[in-house]
Amino acid sequence: MILRLENVSKSFGALKVTDAVSVDVPRGEALGIIGPNGAGKSTLFNLITGNLLPNAGRIEFLGRDVTRTPAMERVRMGVGRSFQIPQPFEGLTVFENLLTAATFGRGGREAEMVEDCAAILEETELLKKANLVAGTLSLLDRKRLELARAMATGPELLLLDEIAGGLTEGECRALVATIRRIHAKGTTIIWIEHVLHALNAVVERLLVLDFGRVIGIGAPDAIMASKEVREIYLGLEV
Amino acid sequence: MYRLTIRTRAGNATTIAVALLILIGLALPAVAPRSAIQDLFFILTMLTLAQLWNLLAGYGGLISVGQQAFVGIGAYAMFAGVILLGWNPVVAILFGGLAAFLLAIPFAYLAFRLQGAYFAIGTWVLAEVTRLLVAQWKTLGGGTGTSLPREATSAILGTDTIRALFGVRDAAARDILAYWLALVLVVAVTGGIYWLLRSRLGLALAAVRDNVDAAGSVGVDTGRLKWAVFLIAAVATGLTGGLVFMQTARISPDAAFALTDWTAYVIFIVVIGGIGTIEGPVIGVLVLFALRAALADYGSWYLMTLGVLAIAVMLFAPKGLWGLISARTGLHLFPVRRRLTGPKIEGGN
Amino acid sequence: MLLETRGLTASYGQFRALFGVDVTIAAGECVAIIGANGAGKSTLMRAITGILRNEPGMVLHKGEPIGALSPAAIMQRGIAMVPEGRRLFPSLSVEENLLIGGQMRKVAGPWSLEAVYDLFPILKERRRSPGTALSGGQQQMVAIGRALMSNPELLLCDEISLGLAPVVIRDIYAALPKIRAGGAAMVVVEQDIGKALSVADRVYCMMEGRVTLAAPAAAVTRAAIHAAYFGEAA
Amino acid sequence: MIWLDTLVQGVLLGGLYALFAAGLSLVFGIMRLVNLAHGDLIVFAAYLILVGVTMLGLSPLVALIVAAPVMFGVGWLLQSLVLNRVLGKDILPPLLVTFGLSVTLQNGLLETFSADSRRIPAGTLEGASIDLGLVTVGVMPLLTFLSAVAVIVGLNALFYRTALGRAFRATSDDAVVAGLMGIEPKRVFAVATGLAMAVVTVAALYLGMRANFDPSIGPARLIYAFEAVIIGGLGSLWGTLAGGVIIGVAQTVGAAINPEWQILAGHIAFLVVLLVKPRGLFPRAVD
């Protein structure tokens, strides 16, 4: 198991946003997370990255207890993330964005880092634009950069937060192809998404979250076929 | 196959031009009158302080209004080294840098408890406290201050050689030495900052400046970065303080810890020239000097003009004069961009 | 037409959130806007209320362009919003939160402090408490009451059931017919389709920044919603 | 007995510092803006009153009543024309603009009024004192303190009893939603700064009547005011009074030990509070 959550709970005041979530993620898996707005999806990510600490429960990463480990250390251990709204370093170039992530998220000799960054840029179809300032990029390229920068920290586990939102059909397909390639090379992925067809093109399992609780986990076809899940996701009363 | 380069044609040209300027600057005392040397000393030391404040505020986001504390403590430590320990003033300047470092630790510890605008006034209070404490130091003249003893000023390292070389008197020789040291300092500080910005620290600073959350998410330690920048700026500011008061040879708490001289002017230089660039302070210090020359006879009009100019720049051209020039021409004299070179990469600098 | 958007686009920086949205709201009617998370529903509300400024002609109020006006100016024309997440003022008491809703637009109408307390009696008991000390459902009542205090002609309700327990949602929705009886037109932005359909005359469904379905509420089938939601034939 | 006297003098002095600080606290509380020219604006107002008293022959109180609306207008214009343009997520522009304003004001005053020390003549009030049995207090310090209390009571009433105060608090909590309530945040900010400048005028009256002043003393007043605000806790007006009193008492106690330590003791008290309670003594629940 690369990641193991045991009864992880998080409350803001009286509101329980994550309610005793337990899930095991085997190495190499691609897991999708769906659920209505406010179901606690992003909170779950913040608990995994260490930007939030749980009120109860235990988080293991690569067999080590990281429940209280600071976010910065988890990045260096191999937890990479992309933000829902792309947050590039706008004044830096695409390449510099990656170089920063490589330098501080992983480290190593400069020549190696440069080669790695170039390889990731090639993978994410940004190589041509390596020397453009990130602030000038289109939305699709910002999303790609978000992905590429997370990759540059050398993640064992890659967390993608609604990376397909706001894209056109064609753009979305291109991005999905990239994510499939990354996954095929062995990176474990957990992906929150509401663009379901994009998600289902990549993930092996789907996890459905509602009111902070896991209400279903399994193969995408089975989950989406479940009337209950589908209705909850739509917000229709069963 | 892929390589990282920072060099550009403009950057290479700058390097050559700066090297030439340094050589000319070193040789200048042979031909320039004493008043010109004194003016240049003023310009160079102000430029040093401005580059350091720019490092703090423009790159590190730390808006300090208390840098006069480090000028003052550096100056007083230099005086203490000379008067109490009998050191040569030039050596004692280094002691000024050490004192600034020691002061910076508790200073930052307290100031970092305050955020944003309150950090600014907090540094100001801490500078005041430092001034008031130093004013209690009776052996160095307390509130009224003191002068460097004549035997120390006449025996400053190297002045004999300068006297012989240029055939000048004691005081003029001291000015030339101070000028040379200021030249060395400004080159070291500007060069050091330039190097820093091209190092991994510069990458981290730029990342934090653009987006703190994202910087944390890729592993940048923002807390340590703040400390590093603050300590570096403090030490170099202390060295500058020591040098400035070696040249004047007279010190008092009010002069050494003057908010106007060591922080207000400096802020105006950076803001008017362009914050967050190395070129900005250079432009700013020239504007300051030109205004000083033009308004020398009008007393407080000089500072008033600077204040109004700074407000106008903030309102209408927040990136300063260099920002305007750079936006028009796309020129960067001190490139810090790391470009990826190799196959399949197109355009963009 | 009370309110109309024409080819409304909106962006957060480079992030394009709306791609040419056309919706109309007639006086007195109730319109539901449904769609998945991220479909652009809240952005539409932010654009209508002026939080995101637009080209003047992209939003029309009674035929006049208001797309470039400030939120305050738009509110003073009689368009009030119950914002997503309720967003009560923490340093104001319940009663002050209500009062501030009406203090900048004083027009005659069915709503007053007393009328709001009649609608949500629990608020009268808690009138002196800080707004944020209330439960989520009660806070939602304050947010609705606060918007009503200006006697708006159009009330925009952004995700009023979000994060609330089903029984509380039922209470909130029970109040909507009474609000409609006061004469204001309403827009109900919802992810809870069942709830939205129960109160609306017409429905717009949004997906990825566009309107994918516009129909009378009575004519909407689950199949049509599935298609509009998932971008696939159900 | 001498210690009791020192304490009472300190508390009364604290009233003056609270007056300096009230406007700063008000503006920070509503728009998170720190005005580095606050001290110089106090001095500016003091000169305004001085002109009214010496050139127009007004009594200090009448001069105050004339100057306060003028200062309100100055604050309103300053906020509308300059500060509203630079308020935003980046704190650098407003800081640098107000710093520039501070230097400009100081030197403008220097040019107009010269560096000579001046004082607002207070007639018989000067030097008058009341014997309270255990201690004797000056009428002027007592008036200062009572004015500080009155200003704070007044501001609190405005904040918590009026529609304007409600708009202030709402805008401070959430400017975007305040807009949805029909409130123009920028107009609210302009009124708040105007109000702060009216309070500054009261502070200026006492600054000018109690002791000599000259164009250069603004920054030191800003520092005392700032310390009082931080000690009290951001946004709490009664906290600001408490902060002022702490600075005042620390200064008089310091001065009683060694006259040279007066100012230093005030600063040290501030640093100690900062170390122990970085959010101040009465921090706001929500921030």
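Things to note:
Think of it as A, B, C and D in the order they're written, each chain with its own count starting at 1.
As a working rule, a contact is a pair of C-beta atoms (placed from the backbone, for glycine too) under 8 Å apart; a residue touches a chain by one contact, two chains touch by 3 or more.
The structure displayed is predicted, hence computed values, not measured ones.
Taken together, subunit B and subunit D share no touching chain. More C-beta pairs in contact connect the chains of C-D than those of the other pair, out of A-C and C-D.
Taking the mean Cα position of each chain as its centre, D sits at the greatest distance from subunit A. With centres defined as mean CA coordinates, subunit C is found 55 Å away from subunit B. Subunit A and subunit C have CA centres that are 32 Å apart.
The distance from the centre of subunit C to the centre of subunit D, each centre being the mean of the chain's C-alpha atoms, comes to 43 Å. For this pair, subunit A with subunit D, the centres built from the Cα atoms lie 51 Å apart.
Residues of subunit A in contact with two or more other chains: none. Across the assembly, subunit C contributes no residue that touches 2 or more other chains.
Viewed as a network of touching protein chains, the structure reduces to one closed ring of chains, two contacts apiece.
Chains touching one another, given as pairs, are A-B, A-C, B-D, C-D.
Within the complex formed with subunit A, the residues of subunit C that make contact are 12, 14-17, 36-38, 135-136, 159, 162-163, 190-195, 208-209, 222, 225-226, 229-232.
Of all residues in subunit D, those touching subunit B in their complex are 32-34, 36, 82, 85-86, 91-97, 99-104, 106-108, 110-111, 219, 222-223, 226-227, 230, 260, 263-264, 267-268, 270-271, 274-275, 278. On the side of subunit D, the complex with subunit C involves touching residues 163, 166-167, 169-170, 172-174, 176-184, 284-286.
Partner subunit D is touched in their complex by these residues of subunit B: 57, 63, 65, 110, 113-114, 116-118, 120-122, 124-126, 128-129, 132-133, 135-136, 143, 259-260, 264, 267-268, 271, 275, 299-304, 306-311, 314-315, 318.
Residues of subunit A touching subunit B in their complex: 49, 51, 71-72, 75-76, 81, 83, 87-93, 95-96, 99-101, 103-106, 110-111, 114-115, 117-118, 121-122, 127-133, 149, 152-153.
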